[in-house]
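Following this line, the structures themselves.
The same subunit A turns up in both complexes below, where it pairs with subunit B and then with subunit C.
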Partner chain A sequence: MMTAAQFKMYRSIANRSLQRVLAYRISYIITFLANSINLLAIYFLWQGIYSGREVVGGYTWDQMKTYLLVTFLANSVLSWYSESAISGKILDGSVAVDLLKPVDFQTARFAETLGSSLLEGGMSTVLLILFATFLTGVTFPGSLSVYVLFAVSLLGAIVVKFGVVYLAALLCFWSTGSMGIVWTRIALTNLLSGALVPLAFFPDWLEKLALLLPFQAIIHTPSMIFLQQADTGESLRLIGIQLFWGAALWIAGKAMWNWAVRQVTIHGG
Partner chain B sequence: MKMSQMLYLYKRLYVQQLKAILEYNKDFYILMCSAALTQILGFVFLWVIYDRIPDINGWKFWEVTFMYAMIFLTEGIGSLFFEGTWRLGRLVNMGELDRYLLRPVPVVLQVFCTGIGINGLGNLLIGGVIVWQSLVHSPVHWTLGKAAILILLFLTAVIIRVSINLAGNSAAFWIRNAGNAFPLMVHNLSDLAKYPITLFPQAIRIFISTVLPYAFISFYPATYIFGKSGWSGWWLLAPVAAIGSAAAAYGIFRYGLSKYESTGN
Partner chain C sequence: MSIIEARGLSKSFMQAVKEPGLGGAVKHLFLPRHIEKVAVKPLDLSVEAGETVAYVGPNGAGKSTTIKMLTGILMPSAGTVSVNGINPYKKRMDNAAQIGAVFGQRTQLWWDIPIVESFSLLKDIYQIPGAVYKTNMELFTEMLGMSEFIHLSARKLSLGQRMRADLAAALLHNPPILYLDEPTIGLDVSVKQKIREFIKQINQEQNTTVMLTTHDLGDIEDLCKRLIIIDHGAIIYDGSLSEVKARFAKNRVIFFQVGSPMPELYAQLAQTPGMKLAQQSAQEFSVSFDRYEYTASEVVGRVMRYGEVVDFRMEDTNIEQVIKAVYDGKLDLTGTGE
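What follows is the complex of A and B.
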């Protein structure tokens, strides 16, 4: 178990990462705007899809608007930064210095991710609430318990997404660039988590497959809870599944790390 | 400098870059496959939606996939042959552009040949297949003239794409920050042209037809090929958009270059 001293150490790592986001706030804002362009395109695409149609794939237009906002929020809490930071360390060889530190690599990276996610998630939430007030028909849940469950599921989503990102980043021990791996990860996550289109739209076999994989815990779970498509009991079950995947990916990450460091080759210097 | 000389130099510079990337061939395959996969999954997205509904605003599945693939196809050509535009930020920030200024070769040509984005090959292949399939599955009445115009529209699309890349990345002359996300934002705006522009409010339609004429890459060629009523003749503006964006991009680049002061070391 983590001792108080260790906890303090990781907390300061998280804090440092939060400071870094603040230092590069212009970059963050431009990246956020760039991502909103995608949201804009998708929003109008869906509007066109719903014109003259009441319900598509079991979602009404109002529900779909809410779905898009939840997706955007869940996607923006774990930033591009945390992704490039881990693979960057591996590719430029600074991971060698980390190996010397009395800090667990995985936990330290998770602390960093959590630090920047808190700030980025907070800023995204504020901007999204502003955005939502201009949109008519976004359905907000009425009861407090839904918000609590939603917040917990967002945290669960961060843990699962970190697990996926971490495993993908460790693959950089075997490659010389990170872009290809990052793009593949993004494409797979976007499709199988429900970020592009709700899983209910998929053909039966694809939906069943997606529900068996960890990716669905990133978008599908929080959106089900926020849209109240899952009652309290079902929500708790979904969060349980998130926890299972979070733990499984964490253990897989640990195993892969132990194996990968033995293969490490670092360019001379 | 004569055009033939420029082409010769381009070829020589390009082959050198090709040798460099073939050194790291594992990365070569990963990048190519990841670009192809990204595009295939985007195609799956459209397919999943069209599985539920017959059309969006009167646009059929294969018409939208055509527009979608044109955006990727031109991006692929951009990365494969003109990837250097994306390295402009680094060239400026590291002061590497000094070297280019000393050579008796047009700077813009050297910038184009600063790298090869092999991911472009993946985009080019899959994009090509989707464009081809879109044309096969749509009731297009082919004539020689139509084929010639299609090739012309394709060329203008590539020119527009590369020009916008160059103009967007020229921001590096003004924003001297390693994490400059401005070119990425300009690039992301092409997302809007993946779908029929009739979906968007008037302001956005005008924006992606004039300021950043992405619509001439995908939408206007599509209206011509699929014979959309109400849009006939608009494709004639595509060469104008291509010449205009090329001139504007070159102007912005030259102006930025005149502001270039290198790094202090």
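What follows is the complex of A and C.
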């Protein structure tokens, strides 16, 4: 269990990570703009698909609008920074400096991720509220409990996504380039989490497969809860599955790190 | 028990052997062949608390590999290490808490935020008590002249500033052991001086054990009482710096500037055993000699018999030349010295 001093240390790391994002004001504004354009593009794409149709794959246009906003939020709470920073550390060898600190590598990276996600998640929320006020027909849930469950599921989504990112980053110990790994991971995550299209649009077998994998916990779960396609009991079950995947990926990450460090410390950095 | 204790410590790596060309690359893909490369041969090392040790050797001699094993980021292939009673590889985190390290080529500062923020993060990481942190920050800021750049982010610092900040970062938690890997590489003379003064003071006041690898022989002469030379993965000398100087730095050189050329002296010197003449120009030359065989006044007196000496200066062989001779294989320190 974590002691108070350790908690303070990891909180400090998260704090510095937040400061780092703030240090790049310009890049932060550009990311903000890029995200908005991306969201607009996807919005108009789906508007085109829905023209002349009432329902696609069981989703009405109003539901789809909501789905897009939720997807956007869930996708952006885990910062872009953390997607590339961990593999970067491994590739440029600065992981050696981390090994010289009395700090658990995985927890420290998670703290960093949370720190920078706080800002980028906040930014996305602002953007979404702006969007939602100009859009008609976005369905907001009426009961408070849905919002609470949704917030919890977003947290769960962060943990699961971190697990995926972390495991993929550790693969860089064996590869000399990170781009291939990063893009493969992004493609897999986007497809199987429901970020591209809702899982309900998939052929039956692929949907079943996707539901067995951890990726669905990142987008599918929060969107099901927010769109109230899952009742309270079902929502709790989905969050439970998230927690299971979060824990499983964490343990897998730990095991893989221990193994990777052994390789590195045996073969040299 | 010594603070750093290694017995039979060695490290070898597997190295891929590829034949040249595309054919070789393809062949390696299917039939990889490796050879074992020994980086550090089994070595014994004991360092007492408070010692300042220079660990030197040519590039690729095994210096960094040894330091990495002592810091716990590299697993030894064989042998045992104990640093302050801790096996650094098995208990990496415990060991990390009691050491400070500066690797000249890398920084531990956060690149994009003010370095003072990096320092306060270290306070939380090492759980440094508030009072200790405050005292150290004041002392280090003053001694290393950091006040002008402590509020800048690391990427805005010059190399000299960054290195000073890194050194402060490594010592904030008063570690009993400090590893420095080329701490003055690429720095100007005044920064070098500041850094050496600082390390010296920390070593004297807190009895910090310092182990230093360097190519800068000024670092060694200024800082270290003990010298360990490693070459081809084996320790070839381990002893006091003054002893190595007394034993091997016995050459003295006197540089002369004379009023007119002295051909007869040159001819005479060429025949004198134990003296060596090197001519710089018609009126400038140097004579090197064994300082146990001749005295400086003997040499000067001899030159003065042949004409007017405008100016002269004397140089002792410094540690630089001794180590260079060892690297070049001209001097064998393992034997009796001859």
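The working rule: the second predicted complex is superposed on the first by the 264 of 269 C-alpha atoms of A that agree within 3 Å, B and C clash if a C-alpha of one lies under 4 Å from a C-alpha of the other, contacts with A are read in each partner's own complex, and residues count from 1 in each chain.
The working rule: contacts are C-beta pairs under 8 Å (C-beta built on N, C-alpha and C of every residue); 3 or more make two chains touch, one makes a residue touch a chain.
Computed from a prediction, not measured in an experiment: that's the story for all the values here.
S.K.: Applying the touch criterion given at the start, work out whether A:251 contacts subunit B, subunit C, both or neither, answering first, second, both or neither.
M.R.: Neither partner.
S.K.: Just subunit B (first), just subunit C (second), both, or neither: which does A:129 touch?
M.R.: A:129 contacts neither subunit B nor subunit C.
S.K.: What is the contact status of A:2 with respect to subunit B (first) and subunit C (second): first, second, both, or neither?
M.R.: Neither: A:2 stays clear of subunit B and subunit C.
S.K.: Mind working out whether A:34 is in touch with subunit B, subunit C, both or neither, as first, second, both or neither?
M.R.: A:34 contacts subunit B only, not subunit C.
S.K.: A:101 in the overlay: touching subunit B, subunit C, both, or neither? Say first, second, both or neither.
M.R.: It touches subunit C, and subunit B stays clear.
S.K.: For A:20, select first, second, both or neither according to whether it touches subunit B, subunit C, the two together, or no partner.
M.R.: Second partner only.
S.K.: Would you check which partner chain A:12 touches, where first means subunit B only, second means subunit C only, and both and neither mean what they say?
M.R.: second
S.K.: A:262 in the overlay: touching subunit B, subunit C, both, or neither? Say first, second, both or neither.
M.R.: second
S.K.: Tell me which touches more residues of subunit A here: subunit C or subunit B.
M.R.: Between subunit B and subunit C, B touches the greater number of residues in subunit A.
S.K.: Go through subunit A and flag every residue that touches subunit B in one model and subunit C in the other.
M.R.: Common interface on subunit A, subunit B vs subunit C: 24.
S.K.: Of all residues in subunit C, which touch subunit A in the complex?
M.R.: Contact set of subunit C toward subunit A: 13-14, 39, 65, 68, 71-75, 89, 92-94, 96-97, 99, 101, 103, 106-108, 110-113, 117-118, 120-121, 124-127, 153.
S.K.: Applying the document's contact rule, which stretches of subunit B touch subunit A when the two form their complex?
M.R.: For this pair, the touching residues of subunit B are 24, 26-27, 30-35, 37-38, 41, 44-45, 48-49, 51-53, 56-57, 119, 177, 179-182, 184-185, 188-189, 191-192, 194-196, 198-201, 204.
S.K.: What residues of subunit A sit close enough to touch subunit B in their complex?
M.R.: The touching residues are 24, 26-27, 30-31, 33-35, 37-38, 40-41, 44-45, 47-49, 51, 53, 56-57, 174-177, 179-181, 183-184, 186-188, 190-191, 196-197, 201-203, 206.
S.K.: Mind pulling up the subunit A residues that touch subunit C in the complex?
M.R.: 5, 8-9, 11-13, 16, 19-20, 23-24, 93-94, 96-97, 99-104, 262, 265-269
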